[in-house]
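A quick write-up on the structure given underneath.
Chain nomenclature is as follows: A, B, C, D and E, assigned in order of appearance, with residue numbering initiated at 1 for each chain independently.
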Amino acid sequence: MTNFPSKRKSSGIKQWDHVYTSSVQNAPSHHWLKIFGAGALKGMVVTLKNFVTSYFRKPDQGGIFTVQYPEERYPEIENYRNLPFLVYDGSPDKVRCVACGICERECPPKCIYITMETDVAGKPVRKPAVFDIDYAVCMNCGICEEVCPFDSIFMDHVFEIASPRRIDTGMIRHQEDLLKSSEYLQKIRPKTATMIDEKKRAAEEKKKAVVKPPQGPTV
Amino acid sequence: MDMLSLIIKFGIYGTMALALIAAIAVVTLRNLFHSALCLAAVLIATAMIYAAFHADFLAAAQILLYVGAVMTLIIFAIMLTEQLGSKTIRQTNRQNLAALAGLLVFVVILGRVIFKTPWPVTEKALASKVTVMELGKAFMGPYVFPFEVISIILIAALLGAVVIAKKDR
Amino acid sequence: MTQVENRHPSETLEINFGPQHPSTHGVFRMQMLLDGEKICSLKPVLGYLHRNHEQIAENITYAASMAYTDRLDYLNAMTNNFAYAIAVEKLAGIEVPERAEYIRVIMAELARLVNHITVIGFLLNDMGAFFTPLLYAFREREKILDIFEEVSGSRMMCNYFRFGGVKRDLTTENLTAIMQIVRRFPAFLEEFEALLTKNEILCMRCQNVGILPANLAVNSSITGPVLRASGVNYDIRKVDGYSIYKRFDFRIPLGEKGDVYDRYFVRILEMRESLKILYQALNKIPQGEFLNKKTLPFLKMPRNFKPAVGEAYGRIESPKGELGFYLVSDGTPQPWRYHVRAPSLINLTVLEDICIGQKVADAIIILGSIDIVLGETDR
Amino acid sequence: MTSFIEEIRKELSERLPNIKLRLVRASILIENPKDLTQVVFYLKENPRFLLDYLSSITAVDYLDYLESVYHLYSMEKKQGPVVLRVRVSKTDTTIPSLIPIYHGAELQEREAYDTFGIIYEGHPNLKRLFMWDGFEGYPLRKDYEQEDSEILETADIEWLESKGIGITNEVKEKAKQMKMENKRAAAQKPEKPRN
Amino acid sequence: MNMPPLLRDIEFAVDLSFVNAKGWILDLLSHIVPDWVVVFASIVISGVAILVLGPVIMMYLTLLERKLIGRIQNRYGPNRVGIWGLLQPIADGIKMFTKEDIVPVYADKVIHCLAPIVIVIPALMVFLVVPFGERMTAVNLNIGLLYFIAVSSITTIPIFMGSWGSRNKYSLLGGMRTAAQMISYEVPMTLSVVPVIMMSQSLSTNKIVLSQSGSYDMNWFIFTPWGIVGFIIFFLCAVAECNRPPFDLPEAESEIIAGFHTEYSGMKFALFYMAEYMNAFTLCGIAATLFLGGWQGPFLPSWIWFLGKTFVLICVMIWFRGTFPRFRVDQLMGFAWKFLLPLTLINILVAGLCHFISEKTGWIYSFIIFSISFWVLVRLNRPWMPEKRHYPLAN
């Protein structure tokens, strides 16, 4: 095993060369040593070593690194992104989304469809009436999460949603299927959730510190 | 004549019948590949008959040489020449009468030969089972000359094949 | 008696190594005319994975098609993003802060490691080694893909680069994890080479097979390890010196004869060079912002990112060759023309010239050693 | 960089006076497509430039003319891109092929022909690279109307029926009626996204 | 061997347990039925034993192979069906039965369906001469070895039938490759067996095993100079004969999809698979008989020794599969004709030499002869030797 050149002082390229040039390539190949089967035997020794070490070595030292999927699971990775969901604070009807349609426009494969809710008098209310995402088309690129100015859409960690057919098997998720609580967001994305809360708290202090006249709703 | 030898006798007659049917099939089948396989069946049937008569070395040699080598080359040849194998080429050339006459003449001659010659069936030959050891000694002993001549012929054939194959390189 | 011409031409067999073939690395078809086992002619047929990537890119904004570039060469998404980011930065004149440049180089070199071991694994698979080298390679590939997942969010479809930097910063755990991989990689390479390099059967099958002479390679605009295996010293990291590659000490391995064995061994030596770059980059990575302040508003509103009218051609040394993006902008948020110079497609021009006269088994290995990915070839 | 292009332009205008050249956006535009091969051959053989590496051939559609852009590099002297342009009208789109000089141009020219319809004379087998041979139209041109997969034409209906798939009558009527007006089932252009 | 009498009786009883069982059944039958039926019954018993033994061995060989190769590649083999995947072969069997049996449209139906049957027959017939234990050879033919070589040469024809019958270009290529490989590896295999026959002066497998007994039953043929070389050559030819990597040209997945059994599915494919694994088992068995002293062994009962040795040889075959890439057709044939064949002839010469001179000098002479011949052969096959390459590091 080649160890690491941390202690070597000489700078420049020579320093790395001896470590990284393959010992096999410049191994001394005396003529009589080069019997015909030598390379093949060395290969068999490697597979034998792997066979033997697979029984008692740890996974990354040559042991078995299979994860038996349904029983054992891979540790959850926080930044993993798969298929967006909407966030609501408290009860499902207080949705953060204001149906501004930026994510609908920016989505590359165009799989989001939003219509704004209008109250009795026909004046648009800043809440989405219909918010559909076609899970079959979405390529979970995470652009909707980036562009959303109101932190209302996030990428989920659920990936076991296979379905037998592409069309009319519930892959088009409507608003009620997409809604998930902000505690769920806190559970799966702790870092981003805490960052959003600090940003919100900073915005409140700024607003309290500078009492500005409230402007009109910005469209 | 207890039951076992009866069964064996029927077995032998069965294989002979099988050999005969397969031989006829070789000639009459349209698809060349099928007839090649029937030829293999004939050869295996003869090997079985040899085995039944306790000539086991001959049976093994028959299978090894004919079925293992000759048949493989015949089938190799059939597979290589594309048109020969797939299309069913007309094999009969419409001269049934001449063929029948030839057949009759042949059967008559064969019959006379079989019944006329006195087969020297001695008791000792029937009883003794020729082992491979004696065959080996015979090859190296009295029959060493024909053995060497055959090997020379085989080498000549080998060189001929190499020359033909090399010609188009 | 006229001399009968006894040598009737043996009949040639027309075979399709079609879209569904276990070793064409995707939906690629070779129409072959065989005389026995020898190949008389070989016509590549493409288009089975054609998604008209360039027309899609002309209907969506610049930032949106960054997600589509992951699907070009789906084996290493990081280098595709890198090339697209460089092209757009050249078009719009955005500079990239120091730390972001280091992160980009680290990600690109990790992607090169992943690509080279996977290619060698599949090359051995085509040669008949029953998945053993491939699974040893996948064991290392898994560790690197876990890093990509922690950093960018997805193992293969990373979508990690942004114009002027990267989407997310590398935390200290990420850096230590990468250092761990780099530290243990030479040991893995030793074992991999012990299994393969001196293996007689591999030498028999690969040496003097599919020889690509240097002048034919240059004339057919071949780039990447295939070109360097023929002995031509042309590596865009050294030639253009884009990003911060000028600061790192690394060398360019060159082959001798340009046959399948050279292409295999040049890739192994290139992995060793990438390790040197990674080691130096991990040691010298500075603190600082990971995304250019000026491009931050465009993250929120990609619609406002309207580069000036003009054109730009950005290219990088992707593990397969020179990956270039030719962008023409007309001042609107959508590019007027978006063209990808795909190394896999152009490296295919020599496939026929090398394969003529070789055996059927060699054609499969030659295709494996040229290392094409159909996502990039068909776009 | 521009000084390099200037130098090349000066060299070219001296050596090949009868060729009209123009500098467009740091690249050399060759007025008459026919002398493209002459210029490229000169640049490749001249010991001062030795542009022996054709990086990429790209076709671009500027509505009233088609343009073919060539990026040339020198692998010997490791010198930067020399960009050549050739413009040709939408009607007679013929440009001399570079195959005699660069073997690498083969697939790239086929791709340009397949997506833009630029015919490269002298190309050994100028066939469509990605599309099947029976495909009409050039997909990457700005005026290309994509076929709408929802509306069925008579040809599609026959093919479906040959496969034994039942088609409702009113779809057949619509197809027959469209055939009378010989209109193609073209999809509407994706409308500009709302800014 | 001076073993306490009690221990010897137990060992003897266990050793001949199967033989005694058969004898007990036969004399039980002889009371009921006439004697010719008893003869018939003994044939039927050993026949049934083989017909049961063959497929069971094949099933658990597939499992053993997938487990070993899994471990070589640092992953588990099949472990979902049964405790350690022990029921996996049964699951495969059921899968093979329920899979649809596709016969291609233009295929030659008769030959296409006949091929799998014809390939299993020789694979089963070879079990006759394999000596499993003390008196446990099915039929004690005095030309056992010649019978084995003859029957194993029949497998070429069904492979041809399979490749020709399914009317598919890939299987045609596979068929051609099989013919070339089978013929060119039969010759060295037969010749590498000749020294064994010379030394044991008999073709019968039983006599060969008996001639390897001696002090502690351990003077096997492999401990002689010509024995080692003969064993290596025989084993390589055995691997080539049953189409296993690194000689698995006929069914090269990466080049010609699955060679001659591309168009087979369901039970027909299972038969091809069974024939291949049974060939592997019998060839390993014969290799153990010829060179490793069959069921000879100091203490354990005879059939345990035989199965143990065969098991070790099969593990080596699986080890080959996990390590080596595949030869090309011309290299494969060149290796047989230009490398193995001359080596076997020299081996026969050395065997003859060793017969007449003493043990020690035999070793010295044979070492000299083999090293010279090896060096000459490597020199003659120059184009296939790995060249030394130099890779400059430019910047």
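What to note about this one:
Going forward, a contact is a pair of C-beta atoms (placed from the backbone, for glycine too) under 8 Å apart; a residue touches a chain by one contact, two chains touch by 3 or more.
Just so it is clear, the model here is predicted, and its values are computed rather than measured.
Path length between subunit A and subunit C in the chain contact graph, taken as the least number of steps between touching chains: 1. The minimal number of chain-to-chain contact steps leading from subunit A to subunit B is 2.
Contact with subunit B and subunit C alike is made by E.
Seen from the Cα centre of subunit A, the chain whose own Cα centre is farthest off is B. Central chain by Cα centroid: C, whose mean Cα position is closest to the mean of all protein Cα atoms.
Centroid analysis (C-alpha atoms only) places D farthest from subunit E. In whole angstrom, the spacing between the mean C-alpha positions of subunit B and subunit D is 70.
Centroids built from CA atoms put subunit E at 44 Å from subunit C. With centres set at the average Cα position, the gap from subunit A to subunit E is 52 Å. Between subunit D and subunit E the centroid-to-centroid distance comes to 61 Å (mean Cα coordinates, whole Å).
In subunit C, the residues that touch at least two other chains are 132, 136, 139, 195, 198-203, 251, 265, 269, 303. In subunit E, the positions touching at least two other chains are 72-75, 172, 176, 322-324, 385-386, 391.
Under the contact definition stated at the top, the residues of subunit A that touch 2 or more other chains are 25, 36, 39-40, 43, 46-47, 50, 65, 105. Per the touch definition, subunit C reaches subunit D in the complex via residues 46-47, 50, 52, 54-55, 59, 216, 218-222, 232, 234, 239-240, 303, 310-311, 313, 315, 322, 324, 326, 328, 336-337, 339, 341, 345-346, 348-350, 378-379. Residues of subunit A touching subunit C in their complex: 1-2, 4, 12-13, 16, 19-25, 36-40, 42-43, 45-47, 50, 60, 65, 77-82, 102, 105-108, 139-143, 146-147, 149, 155. Subunit E meets subunit A in the complex at residues 68, 71-76, 319-320, 322-324, 374, 378, 385-386, 388, 391. Interface of subunit E with subunit B (complex): residues 34, 36-37, 39-40, 108, 110-111, 141-143, 146-147, 149-151, 153-154, 156-157, 160-161, 163-164, 172, 175-176, 179, 182-183, 186, 201-203.
The touching residues of subunit A, counted against subunit E in their complex, run 25, 29, 35-36, 39-40, 43-44, 46-48, 50-51, 54-55, 62-66, 68.
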